[in-house]
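Quick one: this structure, given as structure tokens, is what I'll be asking you about.
Just so it is clear, A, B, C and D label the chains in written order, and each chain counts residues from 1 on its own.
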Amino acid sequence: MANSKYEYVKLYEQSDTLLPNTWLVVRIDGRSFHRFSNRYNFAKPNDRRALDLMNSAAKAVMNEISDIILGYGVSDEYRSVNEKKFQKLHKKTFFQKFLVLRRISFVFHKSCALFDRRSRYTLQSIFPCLLFNPNKLVSTVVSTFTAYYVHFWSNFFIDTPLSPPLPSFDGRIIQYPSIENLRDYMSWRQVDCEHSASSHINNLYNTTFWSLIQLGGLDAATAEKELSGTLSADKNEILFSRFKINYNNEPEIYKKGSVIYHNYELIDATTTCRVTDENSVQIGGLQISKAEEEKNRKRKVKAGIILQHLDIIKDEFWVKRPWLISNKPGKIIKVQ
Amino acid sequence: MANSKYEYVKLYEQSDTLLPNTWLVVRIDGRSFHRFSNRYNFAKPNDRRALDLMNSAAKAVMNEISDIILGYGVSDEYRSVNEKKFQKLHKKTFFQKFLVLRRISFVFHKSCALFDRRSRYTLQSIFPCLLFNPNKLVSTVVSTFTAYYVHFWSNFFIDTPLSPPLPSFDGRIIQYPSIENLRDYMSWRQVDCEHSASSHINNLYNTTFWSLIQLGGLDAATAEKELSGTLSADKNEILFSRFKINYNNEPEIYKKGSVIYHNYELIDATTTCRVTDENSVQIGGLQISKAEEEKNRKRKVKAGIILQHLDIIKDEFWVKRPWLISNKPGKIIKVQ
Amino acid sequence: MANSKYEYVKLYEQSDTLLPNTWLVVRIDGRSFHRFSNRYNFAKPNDRRALDLMNSAAKAVMNEISDIILGYGVSDEYRSVNEKKFQKLHKKTFFQKFLVLRRISFVFHKSCALFDRRSRYTLQSIFPCLLFNPNKLVSTVVSTFTAYYVHFWSNFFIDTPLSPPLPSFDGRIIQYPSIENLRDYMSWRQVDCEHSASSHINNLYNTTFWSLIQLGGLDAATAEKELSGTLSADKNEILFSRFKINYNNEPEIYKKGSVIYHNYELIDATTTCRVTDENSVQIGGLQISKAEEEKNRKRKVKAGIILQHLDIIKDEFWVKRPWLISNKPGKIIKVQ
Amino acid sequence: MANSKYEYVKLYEQSDTLLPNTWLVVRIDGRSFHRFSNRYNFAKPNDRRALDLMNSAAKAVMNEISDIILGYGVSDEYRSVNEKKFQKLHKKTFFQKFLVLRRISFVFHKSCALFDRRSRYTLQSIFPCLLFNPNKLVSTVVSTFTAYYVHFWSNFFIDTPLSPPLPSFDGRIIQYPSIENLRDYMSWRQVDCEHSASSHINNLYNTTFWSLIQLGGLDAATAEKELSGTLSADKNEILFSRFKINYNNEPEIYKKGSVIYHNYELIDATTTCRVTDENSVQIGGLQISKAEEEKNRKRKVKAGIILQHLDIIKDEFWVKRPWLISNKPGKIIKVQ
């Protein structure tokens, strides 16, 4: 056979696999979004069109890849490994503040191995998506997101057609063994977004920084110097005393980021059930039938996807939405 | 610090790394392209618009990511792991033949660690892209490709606007330690494309299969049965005797696939220099200056990118284009 | 510096890391133990000296590496990947039955990252052993085991000095995210040992097989043929009716394997506490002080290590020994 | 089947694989050898008995695992990750100098995938050892080494029986794509051993340091201070002027380390053949028959293993011993 001589090269395809029964987070990041956002004149510190475009693309990803149970996006500055080194070298941190972009985390339920793909072809055996090449999983999410981002662009940037170089994204994957770890990850992201005391990279800082520039007439270096060493209270004070801005009244989307999930009926929060992996499907334990799985999938579609700007750190978010942990569909909301 | 309580989750970010000094192949694949190509009525066995769109996107990828030295795309049928199982289960192999899509391999030179990114920020230390998370590298290539595929769609499918679900791609990465291994990989792909005696998955088979259906009026099952057990000569005979098709005259793009590379001046092929890793830059050996690197990058842009349909199995292709192996820029072609 | 020219080779040291917060199992296996056991005339189906030597080495490993919370060893036949292929090729399965050896699984608690090594040098920051190269962790366990196996040999094989080629072992590592997964792993091992209905590889089969040969005078091929297709009840019947052997009276060590753990005072089993990861220390949650950690280590030493032959599948084993799950030291047994 | 309920746990066995066609280095390291060498009163700076024991064990490993083409051991100080942090914390570097131990690198030829194991069971298909779990490969080497180290102990430490805690080793594996990379790795090791100008960790430093203490009556801290900032020439001068020691006359084993390889007839060094991967067997290229492979293996046994103390940095070592690169057996040395 003519082919066999070369076919050995397949041996080089190494198959890193994901550990089953872990919560998977695929986090995507805009590439070179500082340049990109400057080129398209994104408003500072937050460009509402850009945020809405990101969220629309994220919702489309969750519609297409129904194993994703949760998406969470935060505004963030662009910091690549290189740029950090660069800043260190050149002592230039301020230019970073000029840009704001979005970073989105998508969560796959730890039991998704049980359900994935089986239904499509009536295979009786377990077909674990988790055993897949992580590169395939990450690139699928990133590619789907990119496709919608480019496709939806003209809906949000109506008079500004996209032209090369086009926006692109990269992704990475992280595995969390327990729901505590996953919630801590989500909390870390939200803390980072809102009011991180330990870093400059948060919405309060950016709001104040840009108010000093846009409303106060300062240049970037002076604004940066002015904020150096200030605490949250100081920034609140600057905003209010100089610009009559009450930070509490700023839109939640900037302060909390955006949470995206399947829109089932909320559970009464007074129920004080604990949020643990115990409540979730165990691999090797309960296995649902193909028919039930298909029913669940349809129910997800019926429930639809909702985008909100909420606290996801406190228990309340998770207790009211038990389907996130259990991966069992909730109740469909009745239209009055 | 409010943040530190959650920050431990960063410990879970595992950093698989790529082995330095290896040739990297990122291979991207259209997802669910059977459904996609049916939905948009791709011509069978080859849809020229779809091929040209793929090639345009691939050229754009090489323009943006200048470390890629070579791209190679072949028409292929869609075969996911699942679908193979499905076929086995249902004894239905024929439906596979209905679709043809493209799979593209992008090659990074094994020395790319030396050059990558350094130039951008004047870092003096080596910054090895190869030590990066492979997920980031793959997702970057896939995302860039997807962006251009969606963006260029309307140039090729003029009257058929794209609508959700949008096309998407996945990717994987393979490392080859020697140039022999890399050439064998490329040869394997091209053999697979053109005349694989060992499989049904090649252009000769598809051309004959679809001629039997479209010109001969057979249904798919009958056509498949008729071709069962035939050799290449038999298929050539069927094409010629029944449909007056001389397979040799079929367009090269279908038979050879598409090769994409930087368009430097070819070297006289009578030079019988051997093609080995010896001719290439060694990590830890020759290191070029930042200035020289920047010069090389500009030269790549000046040279431009060419798309051809050639034999890449024989030595000739590689001997005439020594820059592929050496990663040293060739001579710019003089415009007469 | 003379050195710098070569030092780049360090870049090739890839650092696969273990996922934090997972239960780690290091499983070691005797290499070529069929040949080895034949050479030293191990008794069949179970050689008590060989078992006791294995168990002594395993206890020594747990004494030296105090992060190991549990060891479990089972008699097993040697089946390498190669040999399975070989058997398939040559239709010779019977020769496998001639040998019995031990395979030992060592369990590290999922929170071991918190404690490990910190104490030794008063480092305040978390130093997660789990982030270590898995090769280092596995090879350390295997090396320690091998050292004691060779060292203790003459205690058990009194008149048979060891001579080259010496016994050696290999190891692998498996990560389990939840206590359910870990318990299922342990159960799988014990089921395999005792009464696996689905395979030939268990003590009941071996006891019957060797009784047919040693007491019944059959040759291996005939004995194998006779047992082909028999159920557990059939083998019990053969043992009892032909050889007056009541399998229930066989020593527990052969039927249950050997469990090794720190010998704290058992908890009253009527306590129906559930066995979940909830009861265990969470990374990122409770962190114990260095002083407490050192106290715990000393308590482990004081408790000592006990070897037993028990059912580890049922809840009782785990409920009575909560320190296995919690990694908090139990009560020291009072000497009456 | 009773077993099937638990068997899913096998899904968690992740199979990291080694990249084919790369040079593999398994490097083993004595664990806690500072404490170990103090306990057994190893002579400083070099204990000849300890070195000879290490070398004997290394030779035994190469006899058992015939795919290893080269071993190289150097005296080294013990530096774990922890200890480096510790030193930084406590500014105590000097205690490190008190100990000297051995670290051994074993090299597998990059083509070993072709030959390994096939012969043992007449399997016709390629059975690539390289596709094995790296943990298995590393732990096998480390276990074999440990077994011989313990077994041979009494041959070298005649009046000092070994007692728990026993010596143990850990290992790691590194892949090098090209022979240049491998030679640079070996050179790095030897430079580090002999005369590293950039570090304190080398034989010249240790010889001088211990002469100052043992012959000059200094304490460790004073000796360290005295050597601070000295160059090689300074240390040579101290040794000669104060203690009449000509460092050039020190035994080669301390200065060069120990090289171990199959003892074929040397090739005339005037042959100026280049040392490249070109000269070696390519996977996917030449494949040798099972009979030839078996012949080669026997020839290795006949050639025997030789231990020397040579320069392995210069071309001469490699040019004279072409079998190291080609993996083709050399000429058996005729006994006169």
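Heads up, the rule we're going with is that contacts are C-beta pairs under 8 Å (C-beta built on N, C-alpha and C of every residue); 3 or more make two chains touch, one makes a residue touch a chain.
It should be emphasised that the depicted structure is a prediction, and the values quoted were computed from it without experimental measurement.
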item: Lowest number of touching-chain links that must be crossed from subunit A to subunit D; value: 1
item: Longest centre-to-centre distance from subunit A, chain (CA-based); value: D
item: Residue-number overlap at the subunit B/subunit D interface, same or different (half cut); value: same
item: More contacts between chains, C-D or B-C; value: C-D
item: Approximate Å spacing (C-alpha centroids) for the pair subunit C, subunit D; value: 30
item: Whole-Å gap separating subunit B and subunit D, where each centre is the average of the chain's CA atoms; value: 42
item: Rounded Å distance, subunit B centre to subunit C centre (Cα mean); value: 47
item: Of all residues in subunit C, the ones touching two or more other chains; value: 5-6, 8-9, 12, 14, 16, 19-21, 175-176, 181, 184, 283-284
item: Contact set on subunit A toward subunit C in their complex; value: 19-22, 110, 175-178, 180-181, 184, 276-278, 282-285
item: Contacting residues of subunit D [partner subunit C, same complex]; value: 1-10, 12-14, 16, 28, 31, 60, 63-64, 82-83, 85-86, 89, 117, 120-123, 127, 133-136, 138-140, 142-151, 162, 164-176, 181, 184-185, 187-188, 191-192, 195-199
item: Residues of subunit B touching subunit C in the complex; value: 5-6, 8-9, 11-12, 14-17, 19-21, 126, 128, 131, 283-284
